[in-house]
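Two complexes come next, and they have one chain in common, chain A, joined by chain B in the first and chain C in the second.
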Partner chain A sequence: MPAPDGGLDLEPAATLAPGGAPAATREPVDAATGAATPTGGRWSRQGRLGWFGVLAIAWLAFVTLAAVLAPVLPLDDPNENVAAIVNQGPGTDGHLLGGDALGRDLLSRMVWGGRASLLLGVASVSLGMVVGGLLGLVAGYHRGRVDTVVAGAFDVLLSFPQLILAVTLVTVFASGQGVSSTRRMVVLILALGLVSVPVLGRIARANALAWSQREFVTAARAVGARDRSIMFGEVLPNVLPAMFSIALLGIAVVIVVEGGLSLLGVGVQLPTPSWGNVLAEGRSELRQAPHIVMVPTVVIFLTVLSLNYLGDVVRARFDVRESAL
Partner chain B sequence: MRLILRRLVHLAVVLFLVTLFVALLTAMLPGDPVDAIAGFASEEQREALREELGLDDPVPVQYVRWMGDFVTGDLGGYYTVTGERPVMDRVRDSLPVSLQLMVYAQVLALAVAIPAGVLTAYRAGSRGDRIANATAFGMLAIPNFALALVLAYYVGVELGWLPVSGYVRPSEDLVEHLRRMAMPAISLAVGQIAVYMRLLRSDMIATLQEDFITMAKAKGVSPRRVLWRHALRPSSLTLLTVAGLNVGTLIGGAVVVEVIFSLPGIGLLLYEAIVSRQYVALQSLVAIIAVGYVLINFLVDVLYAVLDPRIRHARA
Partner chain C sequence: MSKGRRHVHTSADDFPTAGGGGPLLEVDDLETRFHTPRGVVRAVDGVSFRLERGRTLGLVGESGCGKSVLSRSIMGLLPSYAERRGEITFAGERLDLLGEDALREYWGARIAMVFQDPMTSLNPVMRIGQQIAEPLEIHTDLTREQIRETVLALLRSVHIPEPERRLRQYPHELSGGMRQRVVIAIALSCGPQLLFADEPTTALDVTVQAQILDLLQEQQAEREMAVVLVSHDLGVVAGRTHDIAVMYAGQIVEMAPTRTLFSEVRMPYTEALLRSVPRVENPKHTRLAVIGGRPPDLVDPPPGCRFAPRCPYAQERCRVEAPPLVEADTPGHWYRCWYPVGTDEGREALERNLAANVPQAAAAVTGDLSVEAS
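Moving on to the complex of A and B:
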């Protein structure tokens, strides 16, 4: 995937099988520990955070805080037009990142845009986590016919090019004249949520499948625990780390996809800013004012880089722990 | 054989569901679909359109009609105030452009990723390996559209080396054709390079620990020959599969990149259809992309099974 390449194919790098190496990548495995050897490794070393991880967390915290606190921060109105800063570059007095083609303060649009982009990322991936996670958990735990149906449904959903599916749904359900920002946002969340359901669902299913055969599950069953309490009490906690690491990547992908959708005219609805639609608007000013494109590009890049890295740390760390079980 | 048969059944089911979804898109439009498709039309035209698209028919009838049109190359029309123009005319010219773009991007990605993957695997853990890895990790985080815009600005506008928009057919002027495809192809390739390189590197490292490699080295085969003749082929199966499956990601990326560089491919058509709300055209374009994607996935899957006996026996 992981790819910020516009698609949503999260899987190859990341199928986690308990007690062993990732199933999908054939990394050399140290027989003694079951962990990936440093040479075959991951981006992060052995799941340690490192200085890069600290920076990644700091950046994400900064961006999230700014987005959450946007209404109380001493910022210009993101939709106020100031003639003096039309297409002015970063550093124009009082406007740290300059202004866009309509004289709107870019810093303010980035902060408010972060609200839309992060909300979309977190909300749609959460939707995928809950729906995909539940379906995958039930399918992996019960197996049999339920599993066939659920796994088949995931397959079908994945067999549609993901960006195209999102584009189609948003165009059909929220692109007419006078569609409100809210309606567009809700449809975007649902569409991207739908796209992430099979991705997260598969991870949940694969992990639930493996964990459900462990001794402690048999033990729980032997002492008379109900299926539901085993699923949520015994299996789910073990499935979550894998899902969580993929969810981090998923948020990154959604942020990128929103940019792609914006360029196609079906991203977050203007005038509400998002990182993607600021960038898309800046495209027409590329010659005169390249900074309008560069600012959101850098912000998206740093955010995606941080999310990818942390996703990797989580994955590596839980690999190691599982092998120690 | 049984495996291929099972895949065929799977293919049929997926194709059915995908086309069903696409066929019902117009019916799913909120409100009166005719308003959305041709809001300017007179009462008479609206009736005709309703009739033509079969919007009042029951779902199975709508599906069969749409499917019949689609496979016979009737992709519907662009509905404008001045009349209806067939979508097929545009698609015929656009499809080759998109295919060229994707092939160039894929070839470029593999051409860079294979040597990089082999060399970093050979020198795993070295400084060069670490730098290559860090670079690849960074490349993964660059959205292709962002790279496209950055390239368009620096290489196209600032340096003026390459034209930033438009398309020239290879039959007209091959050099100019390649010059115009260069930046779009690079934008698409960069993310793939990172994925492919990583994949090949880890498979190569595994292969290099196999006995037959030690054997070859012991016989005094040169390192270069060991790498390229002995180790590369058994290490490249996963890479080829992923490269095949990645076509889906490429399609999505190509749509956006075509829009940025004004390349008249299917992606640009899709964009125009979205912006001018040509839902019937949108429907046909989505169908072409989705069906193409499903078919490619199927071919890759079957090819993989045929090529690798381990898979053939494990799954059958």
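Moving on to the complex of A and C:
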């Protein structure tokens, strides 16, 4: 499946066809990930968390908690300029992660930046999940004309280079002088949500299509269940695990994409920090103060790795239940 | 396809008939076609029969002969690319004239279905209790507590041990036989008058098959349901049905009260099916009798009798002229053949074919010899 551009490349992970060959889809995952650990065995096999999974959850919990509790944590003001720590490395003068080019505390900017980045990731993917999921479910269940229209719309949306689509939307609706950072945030959520609609929608459609042909759907009809209750009661619960695992990957992708948008100047509005715009700002000081780039890079890296890993765990779990039947 | 009205008159000699009034189910000249890229598949082609209350009709035939499609056609559970014609009367109501909304009042409540494979007919992510409760929630006004009690009673009546624990379990935690019991409990939940059992034991171990069939029979007697038991196995339907209809290539080719069918076979296809049932008393390494060839392509069936290409009795006439469904000497026994088994015409036809070295005929006779040798 060719990705339209480097922006939102979620497709390769989307091989979650039920019924077909669950074993075949699970095998390569196990082989690939299993080979990555010398200790073998526990790495996401059969959907077990393993020590790495526990670490991943711990990291995500830590980051989320810090972001949520940012206002009450004993942190420096993320926008306060302290001359003493301009471009100073980690550990200087009680500033754990050092300061950036304007003398702002990097730890504080990371914590506050997590608020923006995580909010953007969760909100836009949730939007994509609800809208895409609903459209995909209806299309996959009813097939026929509804499906042609919805699947066509997804294809049209996917055929836009997605990063450019997002940049365009933000530029048109939330740029220029005097745009509040709230407005920028809302537009970013809507833009990235729109971009994730066809990606998640196609997963929902493909799974709904396969699950709707199952005998238990006919069986539900045969006891007199209505279409809506079959869609939401019978088909949706089977489609959700696949969507959920892709959604976790989606949050990771959105966090990375926000970094890309920041480089182009259309990410989260400064001075509000986000992981992406701290990284983008640090670019110009790369020679003198590489830590300004390194800190957000490591944070993004760990977060994305955790999300991807957990997405795989969810998927493996889902496959196991499928093959046990 | 105008064959006029032809019915099985279910003669109730040694089985008590429950309820009065007209027949519970009357199917008249039912046709089901599927529009596929290859052409129009006539899966069911002019089927008529009648089923009284509390009785069991066995529907037998090879894979792909249309028996499952027939039961789904009667219920109205067909995919959108299917086209159905003919009259279906259930308890005096014309089901074929009803839309899906009206049919929903019947589905699960008055007409229910047991599906072939309990692996796929149960939802893997829904608890057993919820799945059995679903039809009750749809069709009755019972309270949650009453539904729970009913579900437990149903689980007990299909002999599932520890019913309280099962309520909270998922299908994959149960064995195949247990799952099929759950499927039966779902079908029985609203006390249907008519039950379609679509190969209910095909996906199960042989040892479990008998238990499930006994359960169905027991429940039928208790509830006075009419049952249509679909199977490819004559052994399954032999002891458990009042009447049997044998299907071939979308048509009923022979239909009779069960005893009559086994004692007075008329249609060569039924005879061939009977011959291919393995017998315990045969000596070891007896070759299994098979019916050579394959069922015809339903997109383009042969012009005459559809069984003619495989039939040991087939004559020139069979290949050009389709035989109608005619009644035998025994009332209620119908068959579709020009040279029926057990008649002079049939014997002469077979002899002619043997003399001419027709391969099917030779095979049929060697099959017979192996049986007699035991």
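Heads up, the rule we're going with is that the second predicted complex is superposed on the first by the 294 of 325 C-alpha atoms of A that agree within 3 Å, B and C clash if a C-alpha of one lies under 4 Å from a C-alpha of the other, contacts with A are read in each partner's own complex, and residues count from 1 in each chain.
Throughout what follows, a residue touches a chain if its C-beta (ideal position, glycine included) is under 8 Å from a C-beta of that chain, and two chains touch if they have at least 3 such contacts.
Note that the structure is a prediction, hence the values are computed from the model and not measured.
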### Message
Applying the document's definition of touch, where does A:Val256 land relative to chain B and chain C: first, second, both, or neither?
### Response
first
### Message
A:Ala206 in the overlay: touching chain B, chain C, both, or neither? Say first, second, both or neither.
### Response
neither
### Message
Quick check for you: in the superposed arrangement, does A:Val313 touch first (chain B), second (chain C), both or neither?
### Response
neither
### Task
Could you tell me if A:Pro290 is touching chain B, chain C, both of them or neither one (first, second, both, neither)?
first
### Message
Touch test for A:Ala56: chain B only (first), chain C only (second), both, or neither?
### Response
neither
### Task
Give one of first, second, both or neither to describe whether A:Pro237 is in contact with chain B, with chain C, with both, or with none.
second
### Contact footprint of chain C on chain A as seen in their complex
144, 214-216, 218-226, 233-234, 237-238, 321-322, 324-325
## Note on the structure
Listed in rising order, the residues of chain C that touch chain A in the complex are 75, 77, 80, 104-109, 112-113, 115-117, 119-126, 134-135, 138-139, 171-172, 183, 186-187, 189-190
### Task
Could you please specify the touching residues of chain B with respect to chain A in the complex?
10, 13-14, 17-18, 21, 25, 28-31, 36, 124-125, 133, 137-138, 140-146, 149-150, 152-153, 157, 188, 191-192, 195, 198-199, 202-203, 205-206, 209, 238, 242, 245-246, 248-253, 255-256, 259-260, 270-271, 274-275, 277, 279, 282, 286, 289-290, 293-294, 297
### Task
Over in the complex, which chain A residues touch chain B? Could you list them?
1-7, 9, 12-13, 25-28, 38-40, 43, 152, 155-156, 159-164, 167-168, 171-173, 175-176, 252, 256, 259-260, 263-266, 279, 283, 286-287, 290, 293-294, 297, 300-301, 304-305, 308-309
